[in-house]
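Every chain is named by a letter (A, B and C) in the order it is written, and numbering of its residues begins at 1.
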Amino acid sequence: MSIISARSNRILLLYYIVIVFFLFSPILMGFYFSFGEQRFPSFPIDKFSLDWYADAWADSKLLDALQRSALVAALVAPTATILGGLGAYADYRYRYPGRRFALALGLMPPTIPVLILALAFLAYLSELHLTASLYGVFIAHTVICLPFAMALIRLRLSQLDPELESAAWNLGAGEWRAFLHIVLVFCRPMIFVSLMITFIISFDEFTIAWFVSGTEQTLPVKVLNMVERQSSPVINAIGSITSLFTLAAILIALLVIKRLDRTKWHD
Amino acid sequence: MSTKSMKVGEKIAAIQTAMMKKMRRVSPFSIAMSTPMLGYQVIFFLIPVCYIFLLSLYRVEFFATVPAFTAENWIHIWSQDYFWSAFGYSVLIGTVTAILSSVISLPIALYLGLSQSFLWRFLCLGIVIAPFFTNFVIRAHTWRGILGESGPINTLIRYVGGQSIQLVDSLVGTIIGTLSLSLPLVLLLQTLSISAVDRTLISAGLNLNARPVQAIFHIILPAARVGLALGFAFSFVLSFGDFISPTIIGASRPPVLSTLLVEQIRGGNHWPRASVVAVSMFTFLFTLVLATILWAYKEPGGEKK
Amino acid sequence: MTDTLLELSRIRKEYGQTVAVDDLSITVSEGEFLAIMGPSGCGKSTTLKMLAGLEAPDAGEVRYCGQRVNELSAWQREIPLVWQNLALFPFLSVRKNVEFGLKMRGVDSQTRSEKAAFWLRRLGIEECAERNIKTLSGGQRQRVALARCLVLNPKILLLDEPLSALDPKLRISMQALLTGLQRELGITFIYVTHSQDEAFAMADRIIIMKDGAVQQNASPQRIFNNPANAFVAEFTGAFNLIEGCIKSSTDENVIASTSVGDLCIASNALDRPQAGTQVLAAIKVHGCQIGTKSKGMKENNQVRGVIVGEEFVGSRSILHVSLTQSNTFKVEYTLGNEKTTRVRVGDEVDVFWASKDAQLISLGNEVMETSHE
């Protein structure tokens, strides 16, 4: 018997929808505005046009920025996934002194305000002469994407009965082969999810890229410049497209994670 | 023992030793597994963060940062009124956002957390989390459009005959921005902790004559205290350190610590002073989160046998 | 005759396709210790939850002192429950746990404190009052759970397998505590368990359930002496069962032909069954002995079998004697001293019993007698 009455349940559902609407309104509105002919978003839109999408496509600097974002993200995704995945496995399998410290280090970046991290990266990477380049952005993004990869893969590993690895060893598989044939195969779906999520995070990340990239601007940084110059509707056009991709990726990730529950190799 | 069984015994021992060797703690395999992540984070995360502590003590000579051990940056920044007023505003934004997001999320967290269906909870949380991954700069920019003079809200207000309200370029706008940032996270943490409450505790409470509302306040919330506290803490951290909402939606009115930090970089490239702001922020937040966690995990009584 | 305090009338409860409880009717009198017993999934916990109002029956009525209370929600009823996993609030101290129900009823702080202190003292745990429940032992936690309910001065107390997590020695002392309390306070206890030992040790009356239906509702003695059907007989573990066909009957005895030969069984309250009726003979394990004819056994039933297993209970053992391929009888056997030769697994022995220790049960699970003394 639930302690929430049926009537309260309906009200709460309605309330939930309102909140979802609130959270999605910038995305929905951005989408709406991108079709407006006027330069400044007004409500309601008088004339519909696809001009801004055409403008976005024509802006070569914008496309360059897009390319850079995609490039960095494409490199960050596998790197963060591998590093995070190995960290997750080490935490799953071993009990060593300093395990907690490693775990903390692996999961801490999202808890520190991004601005502080951005400054840290700027100062540190400039000492290494890696700023004003995409290498710096790549390194920094890996640091902040790694925790997500680690958390996701660690979650998946907790569904794996440790005795399965032992059984593989017992049957003659060495540690490496057992890892390859048992652990990796089991984690495959989540590795896929991790690649997607780390890609999105890197692609959409602004603050760190802004500090570190200098003239090699990634897309979000370029967007900020445009925001400051008030060239708004093109921003809406870009925003609509990237949001669509991001949301689609999240949807796929959720579907994969949900299906994982049925493929537990434990109890 | 016969010779045959001795040979078997030896063979078993040999296999066991071989297996032990394979599973020995320090093997190339274990090193290959445990060092990469740790090494990477130490080099590219731990050291940089420690570096800014150091950086706050450096000096700037002729537009270049020079290693030093001076407190002049600290004195300079901490003696400015604008630093403390920015600090105050950051705390204000953090607190208001944390309170608002916790209160707004709670009914939904109860609804989802107490729901029987794992699938429904997963679906609803998934929908709420999704916007979190989209580009925040673009979202903030669109908020400007929504909350602005010619945006849908004010248009609606004027349509029904009212006066348009100032939402952008103000504290209100900033808070709306930080709210949209922290609500998903708070909702997630609250829902997870409420769904983890042992259901028999709730039934036991009802059996002891607690009405549903009493069950919520006297059983569910205390039992979910950790998640609720963490949600509040992280919402505060996110909003306190947010740069995009105050700058884009609030147009730096009022200026907050994050604005200040960026100013130090952009307008003059004074990294040591920027570090002072960063370290101040970090220390403050760290203490706050630590205190929250300690409070959240505090147990009643607790004398050990 | 004591009043009927609580009554379940034709209760039915379904979970999707599964029927947990079907056409269940139970009456509970004031001051009695009632045990509800049965295998897992028989519906006993569901019944308890329906009494407490935590589940609603799909059909039937729950009546308290004659009044229908189906619509009364859980928090409006005053039937506290001692939970199987105790359900103590980990975020409250022992004292606050005990005071909880009083607080929910709006009792003021002073009174709450006094009542809680009284019960903590009464159950011997007053020094634990301010401690966190995680620091208590299993037995202490049990007492907290009890105190939490008793402080509310209930007329009825529900207990859902409360002792199942305790070790044997602690279990026995807790049983003594519970029976002592029940007698002293005169509270009606409704005690759910799957342990036959517990039920038979503590209860005035036992209801045995299977698949959501009552199999027998009687005192422990009666269940042992006159099991209502095959299930109950088997459940007690105190009977050897064998199928047979009636050959003839007299006023005293009935002869049934079985796969181990013709058996002589005492007639019970049944009308004399007709020849040819399929029946189940239930022979008390306690009445079976092994031995040789030369010892002068006067019992009128004897079969031969082979010992296939042995169970130990202290100095006594229970031998499993295989009579035919599908019939194994349990026989009690005392080890005696070193001088007497022991029987071992594999030995051929004769099993004897008197007809008075055997009775007829009709085949199937129909309940033959539901009256209780």
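One rule holds for everything that comes next: a contact is a pair of C-beta atoms (placed from the backbone, for glycine too) under 8 Å apart; a residue touches a chain by one contact, two chains touch by 3 or more.
Every value quoted in this text rests on a predicted model; they were computed, and no experiment measured them.
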item: Most distant chain from chain C, judged by the mean position of its C-alpha atoms; value: A
item: Chain whose Cα mean lies nearest the overall Cα mean; value: B
item: Chain A and chain C: spacing of chain centres that average the CA atoms, whole Å; value: 58
item: Distance from the mean Cα position of chain C to that of chain B, given in whole angstrom; value: 54
item: Centre-of-Cα separation between chain B and chain A, whole angstrom; value: 16
item: Where chain C touches two or more other chains, by residue; value: 54, 74
item: Residues within chain A bordering two or more other chains; value: none
item: For chain B, residues that touch 2 or more chains besides their own; value: 206, 212, 215
item: Sites on chain B touched by chain C in the complex; value: 198, 200-201, 203-212, 214-215, 218-219, 222-223, 225, 299-305
item: Complex contact set, residues of chain A against chain B; value: 2-5, 9, 12-13, 15-16, 19-20, 22-27, 29-30, 33, 40-44, 82-84, 86-87, 89-90, 93-94, 96, 102, 105-106, 108-109, 111-117, 119-125, 139-140, 142-143, 146, 150, 169-170, 174-176, 179, 197, 200-201, 204, 206-207, 211, 219-220, 223-224, 227, 232, 235-236, 238-239, 242-243, 246-247, 249-251, 254, 258
item: Parts of chain B lying in touch with chain A, wherever the complex brings them together; value: 19, 22-23, 25, 27, 29-30, 32-34, 36-38, 40-42, 44-49, 51-52, 55, 104-105, 107-108, 110-112, 114-116, 119, 122, 124, 126-131, 133-143, 145-146, 148, 150-152, 155, 180, 183-184, 187, 202, 206, 212, 215-216, 234, 237-238, 240-244, 248, 258, 261-262, 265, 271, 274-275, 278, 281-282, 285, 289
item: Touching residues on chain C, where the partner in the complex is chain B; value: 52-54, 73-76, 78-81, 83, 85, 87, 89-94, 96, 100-101, 103-105, 130-132, 134-135, 137, 148-149, 152
